[in-house]
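Shared chain: subunit A. Partners: subunit B in the first complex, subunit C in the second.
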Partner chain A sequence: MAGRRNLLLTGLAAGTLAGGAAPAATAELRGTGDLGLVVERASGSVLIVETTGRTALGRVTGLGDLSHASAVFSRDGRYGFVFGRDGGLTKIDLLRGEVARRIVQAGNSIGGAISDDGRLVAVGNYEPGGIRVFGSATLDPVADIPTGSKVVGLSDIPGRGFIFSLFEAGEVWTATIPEGGPPEIRRFRDVGRQPYDGFVTPDGRHYIAGLFGEDGLARIDLWHPERGVQRVLPGYGRGEEPLPVFKMPHLRGWAVAGEQVFLPAIGRHELLVVDRRDWTERGRVAVHGQPVFAVARPDGRQVWVNFAHPRNDVVQVVDAESLAVVRAFTLGRGVMHLEFTPRGEQVWISVRDANRVEVFDTRSFARLASLPAEAPSGILLAARAQRVGF
Partner chain B sequence: MRWLLPRAALTVALLLAGAARAEVPAQRQGELRHLLRHDCGSCHGLTMRGGLGRPLLPETLADRSDEALAAVILHGLRGTPMPPWGGELTAEEARWMVQVLRQGVGDGR
Partner chain C sequence: MAGRRNLLLTGLAAGTLAGGAAPAATAELRGTGDLGLVVERASGSVLIVETTGRTALGRVTGLGDLSHASAVFSRDGRYGFVFGRDGGLTKIDLLRGEVARRIVQAGNSIGGAISDDGRLVAVGNYEPGGIRVFGSATLDPVADIPTGSKVVGLSDIPGRGFIFSLFEAGEVWTATIPEGGPPEIRRFRDVGRQPYDGFVTPDGRHYIAGLFGEDGLARIDLWHPERGVQRVLPGYGRGEEPLPVFKMPHLRGWAVAGEQVFLPAIGRHELLVVDRRDWTERGRVAVHGQPVFAVARPDGRQVWVNFAHPRNDVVQVVDAESLAVVRAFTLGRGVMHLEFTPRGEQVWISVRDANRVEVFDTRSFARLASLPAEAPSGILLAARAQRVGF
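== the complex of A and B ==
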């Protein structure tokens, strides 16, 4: 792709960004369906972006250590909840472009989730290990669930519930929180060694935990929790020595493309393709490096993949039908994350060391925009508000 | 050097560490600091206060020798997610990074 010819589509964007003004506080009314947040990991700030004109509307600062930061959105799309590494939980008003509330709720955190009714925000913590649940309106504490183990793969599940994995303990827990009552906990033991992340399928039915300490994944059917943990792709490495993993892969519901699920293999330059109906292997795709994010375009036709250090300058596009790599982009060191717009016509890609967010048309592969951002990592669009497991 | 007394060995190690430090060129030091912050930081935190990996603060490293820490960087820790970085770091560079960690990386801003 030809360099940086294609800068911002409109000069307006640079002006509003430089001014740091609130997006629409004093201007006309607008919605949030095309808004999103770009995490600027090293500077403790987020950009508020919009995907219609593809511009940055403003920057919100003072959010602490945002390495590995992520966000969820209120069900009305007005607020983003940003989870910082340092335990910070910040509620951002997307329309005013400012912090609505902020707390520091633990010493070391990994991510969070919002309940299906939108009233509860849960944060997964490494230190102290456990989850803490807060009211989404005030960020006042609602529940504290210690686990004695680092929490990973925290997601919402239907019924005011959350599900998460315990890295050291090798367990999966669900916690449902009835209005006004104590949390109801269910533990699944011996799910496998060192679960590193997990996700709920977009229908809210299955939870899949990826395992670092062994070849395979663990699946729980939330319609039938009494059936316990089922193993997916046990021994997929076929006994071969894995390659070093310089960055942990991430899992979310974006792995599901139609009837197939695309999962990063651990310690292999491969995507594992699983049939969603019976959870058996359907194929493998040889890719450029250790996959970190394998994200399906919402229509399921393509899967875009980025990679771990030291091969993190490339994004590959896999055709989900033929399982062939059909396109590759070299975008600069530190391709951290990618996010599709809800209908999938654009993909936004953060390139940390280039200090840019690149936007591509997913059909023509043309670059639509290139936005300046300070060491960007996560790109989280407000349309996540309407999805289970995001 | 096995015949050296422990104290002497320690002195030699410190001298080597000091010498190694001078041998990492300035530009490479910049690259290593970037690697430390962003790539080590993806598990240990941008400020090294820990994450999936343990904290790498001066006080949490105080009871480990330079050589042991450099060996972890170069060879990884089996059974944990800590990978071996020996493919892209020399022993001198690993020891230099240990010294940077011992001084503390602060918030890096």
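== the complex of A and C ==
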């Protein structure tokens, strides 16, 4: 099996890595609630990290093309499922620090999701377009759902279900997969032109798809699928004197903070502030560049934002109540992602060109740790397993 | 050390228990995200359970008086901290299935909380009245905050803080404990007569205290402590032709579901439905008895309710949108508590006099498992570690 590395009992010394396979019995008995993965895009590897002592525990290599990679976690927090751009799906044992299983399931994939019962892992594919579903224990195939379109914005929904958008077809589909039965598919047509990403609200009730081909968003109420698609935020600025778009914002990073949603405005140096109930615009926040991720601290008091090239060396912190930028950090080129610990006391930020992951206290803004990593991009904590839509 | 029992590698056979201490190396390497504790009140013991295979993994005994016991969990999910009525604070190693440490810290305690950084465990005491704070690693004392009143409604708040109510004094205090520094106390006076319990909203922003001595509730906005206490739901029925109160409802079980809060009406066979934004009453739901716990499924679509003696053999399911009772289960006398898995696909229900814990699928309402337990009361899953106010 490719990519085995042993899990170290203590943190890695900066820049050094132990290789070779460790006997199983040496893996440390420990909880998994504070573990996570840092994607090292250029080297096709991931770091296993822990957020209590704030150290790296080990590295797993051989994961293929990890550009745009993401991961989900088993419901017990022991395993991470890493989705590579090359269609690779790798199940990583976070406790043993090794690859538990790896398949290449398609030619070109763009992320995945895990069902609410933890038994199914779904991957969204560009080539061939569709989703494929695997058993989380073995990665054996369970369902293959071709769409004839690139699949984007794949998310889990309650009830052993998944939801996703079809880029060329302008549709959103849900697929629920009963135990032992065939998938049940529901199609929402004419959702708008070129949905390019989507996400589920934290309660699992609404799916929001961003539209590349027009100025607005599509919203579906999963409690009332019979009501179809609602268009929201029409004319919010996507088509109005657009700036060149250097990088598409990630919808999954949209921030729901109290009664407001903070949304990166495509191509503009702004966050949109949207009413959570009716999705009308409440205001805008001028920020440093084109926002990529706008993520709410779990208590909803702050929104942390990173930016597209060439202004991608800065992170700004927006106060969700006053809408003021209360802090900015200059961290080096290529701030790629940020992730809060589940109770929000820490934020982990990847800085690609500095080859570091920086950890900050979200109240004092003090730097708590700085970990070496090889061109880090996504940071994904195992506590995501406990939430819908991650 | 009292109360060691080994952690079994497989589920317990019904009614049988293996005794004796197991060597450490035999504890199973496994994730902790799906673990939990079931309090066995009469026998001073807890069962360690897992929600993937839905089995009991072992039992830990010798925990003292567990009437009204509760528990919180370490941020890595490995340890549970059980608060006994007799002032006992027991740290349980969920992986080894044994007591890691135990102290008796006061004469009469009523629950506790763990700080957002996971380093501090606080216990609320009746006798002597106050809170005591301990380091989560060692249970060594960190702070002692006497109040001269019984402490109720203790919860964590963001920023290494705790909030709690003083029953006789009619006050609410917050205590934040900087690393290495003395506690910083803030007092809210005249919150109302006899606060008897309290809870923090899921975002950690608001604290709500129930009042036994008058007809209404107290609400504090922790983003704006300078605004003091707001009285909400005055005259909601606490004092209006009251029925005899057989059991005080637990506020910690109040259900925040979408835009609504579902609140057990004290002494009445009703749930109050309250607007989440302004805490005005929106309606009432007639239910089977005096509600004790009203808990929202994590997606907010359903609220599951249990009831006080003598109608404590039933659980009802309320649809949060239509406000209709959509299902009822008769499970046996003494339905004490219910807990959802974090993504809401399962609910675990303790039935004291049946000596069983029942597990249901929350969509199909099928029974998934029935586990033997000795007079079970509280069910507490380790995923609580990832949330504010649990």
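Rule of thumb we're sticking to: the second predicted complex is superposed on the first by the 359 of 390 C-alpha atoms of A that agree within 3 Å, B and C clash if a C-alpha of one lies under 4 Å from a C-alpha of the other, contacts with A are read in each partner's own complex, and residues count from 1 in each chain.
In this text, a residue touches a chain if its C-beta (ideal position, glycine included) is under 8 Å from a C-beta of that chain, and two chains touch if they have at least 3 such contacts.
Because the structure is predicted, anything quoted here is derived from the model rather than measured.
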Subunit B versus subunit C as contact partner of A:167, first or second or both or neither: first
Which superposed partner A:288 touches (first subunit B, second subunit C, both, neither): neither
Superposed model, subunit A: greater residue contact from subunit B or subunit C: C
Contacts of A:367 with subunit B and subunit C, given as first, second, both or neither: neither
Touching partner for A:76 - first (subunit B), second (subunit C), both, neither: second
Subunit B versus subunit C as contact partner of A:110, first or second or both or neither: first
Contact residues common to both interfaces of subunit A (with subunit B and with subunit C): none
Complex interface listing, subunit B residues touching subunit A: 34, 37-39, 41-43, 45-47, 49-52, 76, 79, 81, 83-85, 87-88, 107-109
Contacting residues of subunit A [partner subunit B, same complex]: 41-43, 65-68, 85-86, 107-108, 110, 126-127, 150, 152, 167, 194, 196, 212-213, 244-248, 309-310, 334, 352-353, 375
Subunit C residues within the subunit A interface of the complex: 24-25, 27, 29-35, 50-52, 73-79, 94-96, 116-118, 158-160, 203-205, 223, 258-259, 277, 298-301, 321, 341-345, 363, 382-383, 385-388
